[in-house]
Amino acid sequence: MNTLTHLNAKGEARMVDVSEKQTTQRTATATASVEMHASTLDMIIQGGHPKGDVLATARIAGIMAAKRTPELIPLCHPLMLSKVEVDLEADAQLPGVRIRATCKLAGQTGVEMEALTAASVAALTVYDMCKAVDKRMVISNTYVEEKTGGKSGDWSFDN
Amino acid sequence: MNTLTHLNAKGEARMVDVSEKQTTQRTATATASVEMHASTLDMIIQGGHPKGDVLATARIAGIMAAKRTPELIPLCHPLMLSKVEVDLEADAQLPGVRIRATCKLAGQTGVEMEALTAASVAALTVYDMCKAVDKRMVISNTYVEEKTGGKSGDWSFDN
Amino acid sequence: MNTLTHLNAKGEARMVDVSEKQTTQRTATATASVEMHASTLDMIIQGGHPKGDVLATARIAGIMAAKRTPELIPLCHPLMLSKVEVDLEADAQLPGVRIRATCKLAGQTGVEMEALTAASVAALTVYDMCKAVDKRMVISNTYVEEKTGGKSGDWSFDN
Amino acid sequence: MNTLTHLNAKGEARMVDVSEKQTTQRTATATASVEMHASTLDMIIQGGHPKGDVLATARIAGIMAAKRTPELIPLCHPLMLSKVEVDLEADAQLPGVRIRATCKLAGQTGVEMEALTAASVAALTVYDMCKAVDKRMVISNTYVEEKTGGKSGDWSFDN
Amino acid sequence: MNTLTHLNAKGEARMVDVSEKQTTQRTATATASVEMHASTLDMIIQGGHPKGDVLATARIAGIMAAKRTPELIPLCHPLMLSKVEVDLEADAQLPGVRIRATCKLAGQTGVEMEALTAASVAALTVYDMCKAVDKRMVISNTYVEEKTGGKSGDWSFDN
Amino acid sequence: MNTLTHLNAKGEARMVDVSEKQTTQRTATATASVEMHASTLDMIIQGGHPKGDVLATARIAGIMAAKRTPELIPLCHPLMLSKVEVDLEADAQLPGVRIRATCKLAGQTGVEMEALTAASVAALTVYDMCKAVDKRMVISNTYVEEKTGGKSGDWSFDN
């Protein structure tokens, strides 16, 4: 494919017609990272609440955001997600939090945007909850890691 | 400040009380980038629609998302933005699109999350509109560049 | 079933995968009551507007809330309700308003949460419209009365 | 059909049961006009930005509004639009902007309300962006131009 | 004023800065009509439910829509409405339903868009509830009738 | 006060004018309970995740719902909550989960509905997460426990 399908012949935005596309099982996994000061990460991990509320809150925010993707991204189709899972992991090497979001549905369009939106909003939520102690966090490396189903079949970023 | 103010003494999430904070003019500017293949950037820039619809659509999506920040980020306060501006710029060096979002209000809490949400959703929208031609885009370097107002006063990432 | 399916092996929240569940016709009926002072109920019933606007407003609010269930309840799947009906009835015995909400769809998950959300928001709306005259109302007995369809088949609270 | 199907036997609003209706391909096209002073229309057309941001912004607003129809119109069913297209055209004769919105889905209910909502919100957005220079604009002639699919088959306003 | 303030110097959309505008009491009243077949209007008026549910439902839909204006109209500021009133009146002369919506707030921007959105969504709701019996309804004459407050002071369409 | 202020002289719903009311600090605390089988409560408490995800998820859902109250309850004014706190406590006596939600703002209307909505949606979320193991849960005793501020001053349910 070598044109921007979200634009019509006049270069105007539109929500493309997917009514002729096949309904198949589709999944997509997206990732994002929140880089932070090591002491900020320690606060998330420690303090009597291992796997405590920062990560739990961000997980919920990500799951809820996935469902609202078509309200946020103008040309996304509404769709009926059958599964959303958001994992957050403290990574002392980064240092920071690594996020992976997976969405699934049987439908006519892929779920990359839903997975990306879940990962992005989970990252923003981590940022929000830690910004009082760390103003220099950076959200980075937000991308689609892999997807399955649809006309183009299985695909992963690294191959 | 050395605690996560979004958690109470038991480590549980809450929306912190800002009723005693002073109402001041506040601004925040956040940035994000969408790195892409040079040929993808060319499609955005060229094709008969300079300043065409990809950037216009992402700009609108970012502005609208700023207003919905408290619906997306669980512990953000509702607030009355007095200005939102989202700039998108094609950068052949990256190559990709650079985004800067600025929010402003007279209020009791800062507007960093609104600026970050605007920049993130604008970036996701660029991704959505170009993903049919480029599966390997990466959204990177999402952070708060500078902010003014509030107790901590003026601040910029680079100082 | 003897585990909380909304939690994964690590005890973290997720939106469970329903993609392998069968699509069947499903209904659920939920109930709720708003207990109030007898004179408050009289104001709703009388005053020239029998079946007047308090009940009409609450009915609409309940119907609209059913459609927003997946936005409110973090782990609910988005779904395509094919019918929503909300009945409100003045009950002089209570005294108060009895609410019954019925939802229906052909889908892979049940509609109990939609029916419960419709009944709850209808009850909150009655409360809102009468709170200026009665501060001691209580919303009580919100539960699923019966449901049909799905793997577990027909079920009613009383059997 | 000679009754208002959105009301039950007691005259109360409800979301009608569509579960027995057939799933067919359905489309609807709605139109609306924004009548304005000729000089206002000139500002939209000229100023260095032909096909500029007023029309682009209204187009995006209309597309996004179509997806939110069931949140706005109390008794509309949630549905999975497979296509939304909104066209805006400057008409020097009117003078003003003519809007046409087309929605499409495979489903059990028609998409007239989605097309009308898209056209209406696009018109309101044009109004919003021009009201500083023209307080006397009028939005007129909002109606369904044609529809296809469903039990009643193809239909157009003019026949 | 002779420029489109919603566009910056480059013709790009933005949410304009209102932080320097004065906070004053502001009101706006907007109107819209739904023209229909006389027999459709009769069904709304008669049938045992005078002041029945079509008008009650549309009234609620209009009030709720006023509150969501900044979510629908991309460049509208969020604002804190202090009053919304929506009146619907059967007009045998039209024949059809006449709608008037009034919004009020103490704020830095006018409430024309909120009043127009309330009137438009009330009109769309009337349309939705009657479309099964009348496919040829037309929504017409949607405009701002009068407004008070703000820099430009009191104003009415007819003067 | 002895009339339903949400209805005008004709008995029609409206959002009442609060523009003349004084801006004061206001709080409200609402409560709700989810009664369940003792073994269901055990699953929430035990299983390796004390302070685990059921309560954390319900807490977040309640906080987020408080912010959306004016979207759900037709005649509620939009307002700028300055604090939301939702506490959930396992009560072996009930047996079940007790919920208390407190909201705060400086404004012209009370925050009872926000506190009630937070408590109700937190209760619905507990229900949703446990319904696979317990179909006979009942949400009960949802009411306003106490409020401060406003014309009527401090008030508690028990006095």
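Letters A, B, C, D, E and F mark the chains as written, and numbering starts fresh at 1 in each.
Rule of thumb we're sticking to: a contact is a pair of C-beta atoms (placed from the backbone, for glycine too) under 8 Å apart; a residue touches a chain by one contact, two chains touch by 3 or more.
Worth saying up front: this structure is predicted, and the values here are computed from it rather than measured.
Could you name all chains that are in contact with chain C and with chain D at the same time?
Intersection of chain C and chain D contact lists gives A, E.
Suppose you list every residue number at the chain A-chain C interface; are over half of them used by both chains (same) or under half (different)?
Counting shared over all numbers used gives less than one half: different.
Would you kindly say which chain has the C-alpha centre located farthest from the C-alpha centre of chain D?
F
Can you tell me which pair among A-B, C-E or A-C shares over half of its residue-numbered contact pairs with C-D?
From the options A-B, C-E or A-C, the copy of C-D is A-C.
Comparing C-E against B-E, which pair counts more contacting C-beta pairs?
Counting C-beta pairs in contact, B-E comes out ahead.
List the centre-to-centre spacing of chain D and chain E in whole Å, with centres computed as mean CA coordinates.
About 16 Å, centre to centre.
In angstrom, rounded to a whole number, how far apart do the mean CA points of chain B and chain F lie?
Their C-alpha centroids are separated by 31 Å.
Would you mind listing the residues of chain E that make contact with two or more other chains?
11-13, 51, 53, 56-57, 60-61, 64, 68, 71, 74-75, 79-80
Is the chain-to-chain touch network here best called a line, a ring, a star, complete, or other?
other
Dump the list of chain pairs that touch, please.
A-B, A-C, A-D, A-F, B-D, B-E, B-F, C-D, C-E, C-F, D-E, E-F
Within their complex, state which residues of chain D touch chain C.
8, 10, 12-19, 70-71, 74-75, 77-80, 108
Would you tell me which residues of chain F are touching chain C in their complex?
Touching chain C from chain F are residues 1-7, 11-13, 32, 43-44, 47-49, 52-54, 56-57, 60-61, 64-65, 68, 71-76, 112-113, 116-117, 120-121, 123-125, 127-133, 135-144, 155, 157.
Okay, in this complex, where on chain A does chain C touch?
Residues in contact with chain C: 25, 51, 56, 59-60, 63-64, 66-68, 78-87, 104-106.
Which residues of chain C touch chain E once you look at their complex with the stated criterion?
It is residues 49, 53, 56-57, 60-61, 64 of chain C that touch chain E.
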